Every structure is written in structure tokens, then in C-alpha cells.
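Pasting the structures in now, so scroll down.
Across the two complexes that follow, subunit A remains constant while its partner is subunit B and subsequently subunit C.
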Partner chain A sequence: MDELKKAIRDYVVKEYLEEGDDRQVGEDTPLITGGIVDSFSMVSLKRFLERKYSIQIPDAEATPQAFDTVNSIAALVTRFTKG
Partner chain B sequence: MSTVATHPSYEGLCADFDWGVAERDLGVNKGGRINIGWHCSDRICELGQASKPALIWEDFAGHGRTYTFDDLRVLSNTIGVYLGGLGLRPGERICLFMDRVPELYIGFLGILKMGGIAQPLFSAFGEDSLFTRLADAKTSAIVTQRKHVGKVRRIRERLPELRHIVVVDAGDAPLQDREVAMTLDELPRVERFDPYPSTSETPSVLHYTSGTTGQPKGAQHVHYSIVAQYLTAKWVLDLQPNDVYWCNADPGWVTGTSYGIIGPWSNGTTQVVLDSGFSTERWYAFIAKHRVTVWYSAPTAIRLLMRDGTTVAKKYALSTLRHLCSVGEPLNAEAVIWSQEAFGLPFHDTFWQTETGCIVITNFPGMPIKPGSMGKAFPGITATVLSPKTYQPYEQPGPVGLIALRPGWPSMIRSYWNNPTGYASKFKNGWYLCGDRASIDPDGYFWFVGRDDDVINTGGHLVGPFEIESALLEHPAVAESAAVAKPDPVNMEVVKAFVTLKPGFEGGPDLELEIMNFVRKKLSPLAMPQEIEFIASLPKTRSGKIVRRILRAKEWGEPVGDTSTLMDE
Partner chain C sequence: MAYSGRARESYQNELANLRDQGLFKEERYIHAPQGAEIEVEFPTGNPPRKVINMCANNYLGLSSHPEVVAAAHAGLDHRGYGMSSVRFICGTQDIHRELENKLTEFLGTEDTLLFPSCMDANAGVFEAVLSEQDVMIADRLVHASIVDGMRLCKAMQDTFKHSDMGHLEEKLVEHQDKRFRMVITDGVFSMDGDIARLDAIVALAEKHDAMVFVDDSHASGFIGKTGRGTHEHCGVVGRMDVITTTLGKALGGASGGCVSGRRELVEMCRQRARPYLFSNTVAPVIVSGALKVLDLISATTERRDKLETNTVYWRKLLTDAGFDIKPGESPIVPVMLYNAKLAQDVARDLFAEGIYVVGFFFPVVAKGQARIRTQLSAAHEKHHLDAAIAAFVKVGKKYGILGLGKNQIIEKYGL
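Up next, the complex of A and B:
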């Protein structure tokens, strides 16, 4: 897992999984549809990404589909990092 | 395209109405024996529907299970006996704190069958939200999952009345103090069980709901509520014998019990449940796969579907849909018009709340819809708008006032748990006050205007500012806090917090995110401020009370109103 994906994954595990929740989070684990990150919590994840990578993700791009996996989130970050 | 069945006119439904029509269908009477758990399972089996699918369940990964009404009957017996075997007694509060798994739905019936009071709570609640509600109710047991038990563990020492923590998917995971594993498939099935002899006024369900002041209150329902939930499901959701029904609501909220359990199953309706987060394509695929005919959704979800457009909808076979309803917040006219384009059917807005227990003002199948209108009062419900000055109904249609209902419908809450003062405050001049404002047009249609208080309606769920502000104050950086509603194109409103900081702390994006996550974990994602503004001081009265309406008005671009009583800065 590359550095970007690892950072995303580690943040998700730290912030959105409870003690005792032994679900594994891989690159393609459904985060939104799998109930790990709900649509309201997406805002905090978006803020984290914007802050860490100094990007702005338009609200229209911050969709449940775009945030559903580590891979899709990484793709989103990469797209807005390159501008 | 399927069409809505022929319906009697609204006027026809209202003519000579009394709740006896539902009582006769259910075989109950006021003062007699009623047990919601029995009526939603055993009774349907006695009507010859034992082998009919009751619950078709699927998770996000596509794993599914089907339960017949006989399965509901036997498995709810099983859970009822199991809970009794733990020493739990009728009247004790038993919390259900799970995702939308079968044990949640069946457990609800099981608790009611053994005479317990079911206390479903949203599984995304953080430990503070969970603690507040369990402590207030002095809950005796909680039924939960491994992924959520961590929150319970962190608060259990402060809950001496919580004797049992039942984990439905413990597997080989080690258990801790007061925890027991209950794997439903491994329990001996209980074929015969005499349900607790509950009567119409026996407490049944305790739903916590947020208000403008103080902590959330426990809205106490009774078994007689089924009379209203059965009939409104039949007449408003139009549930017919061959329907496949999907209610998007989580049973942690009242929609998910009134119309996600009691309404459909008392009508013997097959319902489908998807235990998954939102995904437009996943939802459409689910509707197509299970040939859903009646869909009860929410404006926030509908707006998300709208954002993805009609092209996506038309990729899926959705023609089995014949009736659509919406709940939780006012359904904007654009959504009604869009759904006609996307599905060939309009969403019918329905208005009600935790305290009413059932739909009270609504659009009916076959009744002309005025897009953006709440509709008309359900037969047997006397609804009006009151002048906020006199608490009398307006004599003429048009003015905006307080939505009010004449007390006495079957599913009206009987109390707020341990809060008679709070309960009494809901009634004025012989009317129950909903806490919302509306107007009535000359045709008798209600038009929602907004809340009459500071409660925030986000994604169709009410969140109280006091709870959020209290959580904010627990953050080491926060000196003072205020939480208000901020407009949002998808969720209608989201929480925005204003805070002043203690000396030594500086506001900025990092601190904002830290506090957001802090509140989210303590309370819930719904209560998490989606924006935090750091300000030098909060607007207050001269007595020091924070004036939220000033902050709210600025967010909504409205006049701030009278500022003469404010403390000078």
C-alpha cells in the first residue's frame, strides 16, 4: 500500500473504528456502504484530507461513491493535488 | 408501470371515522389485551401467513437471509425466553444497540413479547449519547454487536442498573464483565410461548428524542399505539397483501420501529432491509432485485439520488415501484417533481414525530399532491395551527402558526420518562404542540415553515443544541459554545458550532477538525458540527444566556430581530 493510501487507511482505522471492532480495512473495503464511515462523518474525513494534502475538494466531488474505498479516496486526492 | 390501487377519497376516509376500524382488524379493544410482538408475528401466522416472507435481509456485501412470519414468531419467542432467563422482568428497559441486523428486528418483538420496554438506540451514537439515554432510563440490559461493545464498556461502570450486556456476534472474542454471548442461530428454538399479558396502556417502546433545552427525553409509548401504526401503514403507505416494502429508516429512530417493524408486520407485509450505507446504485439495484413496490424514504436520501440524476435511475428495473413516501423533514417541491420524472411516481410527504408515534399529517394515495405541502390530517387526528399569542386556532386559513393536535390518538406518547414537567409543557390550551410552524391553505393543505425552537433537523433527525454544546464544553480548548442549524443543500440543516477558546488556545483548521471528531465520537456523526467558527464572544442577554437565534439568523441570512436585550460587548 503506498504512502497516500496508508495514511488514509490509518486515519480511517484510528478515527472510525471502535475498540473491539476487528474489521480489516483494505484498499477496496467499502467504507460508506460498509457502514464504517457514514455520510455525516465524511465531512471530517474530507477536512482531514484537505488539511493534510493542502487541497480543496469541491462539495460536489465529495460524494459517497468517491469516499467509499481507500482507493477511490486516494484517486480523489491525487486528482486535486495535481490540480 | 404499476399503478396505485384505487383508493377511497380522503373525504370518504374521514367520514364517520373511528379507530374501531383498526381495532376490529387487529382483534383488540382499548383496555383489553394487546401485545405488539404477538400481533406482528403470531397473529399473522394464525391468519394463515406463517410461511410468507416477513423479513428479507441483505448486508452491504450482498449476504442475505429470509425470515418467514413463523420464523419471526419462533425466534422472537426464543429471544423473549432468553432475556427472561437472564432474570429480566416485564417493565425493565432493554436497549437494542445494533446495526440493521436481523437480531435488531426480531429482538424488538422478543422484548415486547416478554413484557420488556424496548429501547432502540441508533448504533452510531457515541458513548456520551449512549450513556445519557441508558442512565436516564436506568436500562437493565443492552443487546449489541462486537463492533459497538467498546462504547458500552467505556461507560458501564457508571451504569449500575445495567446488569446484562448481550453480544449477538461474540464468536470467540473474549467477553468482559456483565457480557454474555447470544448467538440466535444456536439457541434452542421456542415454539410455544405465552406473551406477557400486556394491555393497551402497558409501556412498550421508549424512544429518545432531542428538544431545544436539556438532554434528550424518553418518549414513552404503549402497546395500543399499534392501532394507529397499523392503520396509517395501511392507508398512507398503502400496504397491500402482495407488496414488498422497503423502509430506509433505522430502528434506532421512531420511523424504523413504527414503520420499519410494527406498521408493516401488523399488516402482514413482506419487508426488505438493507444493512448498508448509502449508495445510489446499490439502492436501485436492491429495489430491482427484490422487486420493491412501496418505498418509504427520506428527503436527504432523495436529494442524494437527485444529485446523481435520472440517467442512473433509468439503468435499473424500477417499474415494480407503485407508491413512494417520504418522512423526516419537509419534502421540497423539486424532489416531488423529480421523482415523477425518475420513477414515474411522486414521493408523498408524511409529517409526524417521535411523540406522535404515527403519521399525523400526510399526503394520501389518490389525493392530489401539492408539491411542497405536508398534506392533510389523518382521519381521527384533529390538526390545526395555533396563534403563538393566544394558542387558539386561527379562524381563517393563511397565517403561520404552531402545528397542534388534539390529544388522544392511539399512538400519542403517554409521558416523557421521568420528566412530567417536560411532558406537561407539550400541551397548551387543550392542544399538543408539535414544536413546528406551518400554515393551512384554503383547501386544507398544511405548509411547513420551520421549527419553533432551536432544535436542529439534520438529515431528518432532530438534534438538540444543549447536548452538542455540553459535549463541546468538555473539550479542553473550549470556553463557551453555541450550536445552531446551518442550511445545507442535501441535509436541509447541519450543525454549526460557535466557540470561544480558553487562554492559550488558538483557533484554526487543525483545532476545528480535532473538536469535530471529539464531538462525533462523544455524541454521533449527526451531532458533529460540520463547521466550527471561533469567535471572540457569543451573543448573550444581560443575564448571560446565549442567544442562539442571533447566530442562526446570520447563517440563514435572516434579520436578527430585537437586540435590545443583548449584553453590550
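Up next, the complex of A and C:
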């Protein structure tokens, strides 16, 4: 897992898993459809990415689909850091 | 006609999908006033049958109380049926202000404003008092109406893990650059029945200069020694900045809600909250009933005391019988079944045994957290609860779940 994906995964585990929740979060683990992150709580993840990588993700791009796995989030971040 | 065949087909498909996924909701017709025993027509078309109601928010048993009904009748006679106006044109009667003053006194706040419902209060309050410069920090399990209200507000949104004070403090520190911080929580959480740690929340809010908002819909009237709510239970009366609550549960159960709290915040709602500005308020007949409710529960704690006794008794009955329940003190007692189909099957069989309960599953609760939510009432007598536990045990034996913990139930039925 590269550094970007690791940073995303570590944030998801710290921010969203309750103490004692031993679910494993991998690159393709469904976060939103899998019930780990809900759309209401997703905003802190978006803000974390924007701050850490100095990017702006438009609300229209921050969809539950785009935020559903570590891989899809990493792809989104890469697109905006390059753009 | 603009409702094309294409549109009809599209909606029909969507509804069929809801049915296929087991998410289609159907109403059950009740042929009696609300109470401990009601007559329910289910499935639709069948003759109504008498069942013990274990799923109403009629915590104090006041929904059909003769004195409340009489007061509502008198209100109808003296103040009429409708107002035909929003509050600030010609839709405010003396009794509306009287009820607001009584709620202020009851809740121990500075002022109160009625709303058509607590859903409306939550939809309107955040937008009325916060702006882009501010942040709202909500417990992740707050009620859907709060989530909707936050989405209507331009302030930054953030959340903290359910009842996790360490995580809340991190968020309060993170957002020190904002003009105002507002911590947002339910008093009693409607699905788990657990009580917010308002004492700790208020302490953190005072330490980090934040306001505190609580929705006490599942607490007002019965939580706390004299039923004032979660803030009384936690010893922080007078230190709450905003309380929203409902008249649609313990406080008579008809409809209506309010924003109560700091004088200026309530006044901002009167000036700016859109559900208050653009909708008629609570009808005079309901205001009259609610005034009587507050008189009754301010005069004696008898009803909330009986509810507490019923709650302790019911929790013990379920625990002794070997059900897996969410521990706690509130009259919301979830019986955990984890598997969605099992929750629906158990609820259906209990109905056949004369006990009216409902199974809850995703998306109402998290995946793998399906349950039957039982709710106590001061209208329940011991014989109701004894009959209910006999039915629960019979159905529990049929499914072989008595004495099983979480992992064993999941092992048997899957998630």
C-alpha cells in the first residue's frame, strides 16, 4: 500500500472505527456501502484530504461512490493534486 | 397531462425495488385511542385485533388521558379549531405564549418558541443561529431531523464518534479558529435508548468555548428526578444553550415541538427560522391539551416514577429470560437480534401472540444491528408486561435465541 493510500486508511480507521471495532480496512473495503463511514460523517474525511494535500474537492465530486474505498479516494486525490 | 407513462414506470420500478429489498414501509390501522392496549387492523382488511402496544412513544400514558382530552375539548370551544395564519401575521393566540412560558419554566431555560413539530424545530434552528464562520459538531447517532437541519445551515459540519468525549474534545480543539462552535447531541438516543453524557459535554463545551444543543424528544417529561429531561438527569439544568423537544411523544403525543434556550437564540429563531415563519403553528386544541399535560406532570412525578418502575421491571424480565438487550436506564429497551430477517420474523410472531412491536434494521440502524425496539409506558400495568414477557419467551424459544449472546445469534442466523 503506497503512502497516500496508507494515510487515507489510517485516517479512516482512527476517525470512523469505534474502540473495539476490529474490522479490517483494506484498499477495496467498501466504506460507505459497507457501513463504516456514513454520508453524514464523510465531511471530515473530505476536509482531511483537502488540508493534507492542499487541494479543493468540489462538493459535486465528493460523492459516496468516489469515497467508497481507499482506492477510489486515492484516485480522486491524485486527480486533484495533478490537476 | 405531464405525468408520462415513463415517469409512472420509473416510480413503479423504484417502489418495486424497495419491496424487493424489504424496505417498503406499510402503515397499520389502529381502531382505538392510543394506549397500552389498542386494536390493530393488520394485515389491512383483517378484522382489528386487540394487542398490547410496546412500540409507542406514549411514555407517560397521557395520549388519551381524560383530563388532557377534556382540556383539548375546552380549548376547541374557547379558541376554535384553526388559525388560518402563520404566527407573525395573525396566528398567535394568548395560549401559544402561555404554553411557551410554561415550557421555559419546565425546561429551566430563558425562552421558548413553538414549532409545528420538533422535526421543524431541528430543520430551522441551525440556519437561524449559525453562519459560515461557525461549526456544528454532532454526535454521529443524532436523529435524522438534526442531520437535515445541519444540511440546511451554511456553518461547517463535523461529527464525533457516538458519546466519545475524547473525540469530541479533539474536534473542539481543531475548530478553535471558528467564531462559534456548537456541540449537537440527542438527549436519549432513539434507537439504542442510551443517555447522552451531557455533564461531560457541557464541561468540555465550557472549557473550549462552545454552545451545547440537545434534542430531548425522547426525554422531556420523564428523564431526570422530576422529568425535566436529560439535563436534569446529568445535573446541568440552566447550562444548556439550546433544547429542542416535542409535544408528540411523552407530552401528550399529539404534535408540535419547540426550540427552548438562550433568549437571543430563541429570538433569532423567531426572526429567521423558516419552518416557524412559513407554516402555521400548533393548533389551539393541541396547545390547550399540552398546557394540561404540563400542569399534570408539574404537580406530581407519579407518572414518570411509574414509568421508571415499569422500565426496571421490563429490563429485568428480558434479561432473566435470556434476551440480549442494550443496557441502560431509559424506557427504550432494544432487544438485539442482529439479523434483519430474524427481527422481522420475531416481530410478526409476537404480533400473532398479541404483542405489538416493530423490527428495525438497516438503514434505520447500522448493518448487522437489527433489533426489536420495545418502549415502556406509564400506561402499562404489571399484567401487560407479564403477558408480554410470556409471548417473548414463547417466540424466543421457537427461534432458539434465549441465552444467546451477540456472536452466537450471528453464528446461528448470520448478519
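Some notes on this structure:
Rule of thumb we're sticking to: the second predicted complex is superposed on the first by the 83 of 83 C-alpha atoms of A that agree within 3 Å, B and C clash if a C-alpha of one lies under 4 Å from a C-alpha of the other, contacts with A are read in each partner's own complex, and residues count from 1 in each chain.
The rule is short, and it goes like this: a residue touches a chain if its C-beta (ideal position, glycine included) is under 8 Å from a C-beta of that chain, and two chains touch if they have at least 3 such contacts.
Here the structure is a predicted model, which is why all the values come from computation and not from measurement.
In the superposed pair of complexes, A:40 makes contact with subunit B and with subunit C alike. When the two structures are aligned on the shared chain, A:68 is found in touch with subunit B, with no touch to subunit C. In the superposed pair of complexes, A:48 makes contact with subunit B only, with no contact to subunit C.
When the shared chain is aligned, subunit B and subunit C each come close enough to touch A:18. For subunit A, the partner touching the most residues, choosing from subunit B and subunit C, is B. Once the two complexes are overlaid on the shared chain, A:26 sits clear of subunit B and of subunit C alike.
In the superposition on chain A, the residues of subunit A contacting both subunit B and subunit C are 18-19, 34-35, 38, 40-41, 43-44, 47.
Residues of subunit C touching subunit A in their complex: 138, 140, 147, 156-159, 161-162, 164, 362, 366-368. Per the touch definition, subunit A reaches subunit C in the complex via residues 16, 18-19, 34-35, 38, 40-41, 43-44, 47.
Remark: subunit B residues 60-61, 99, 124, 146-151, 153-154, 173, 275-280, 282, 304, 307, 458-459, 491, 494, 509-510, 512-513, 516-517, 520, 525-526, 528, 530 touch subunit A in the complex. Listing the residues of subunit A that touch subunit B in their complex gives 15, 17-23, 30-35, 37-41, 43-44, 47-48, 51, 60, 63-65, 68.
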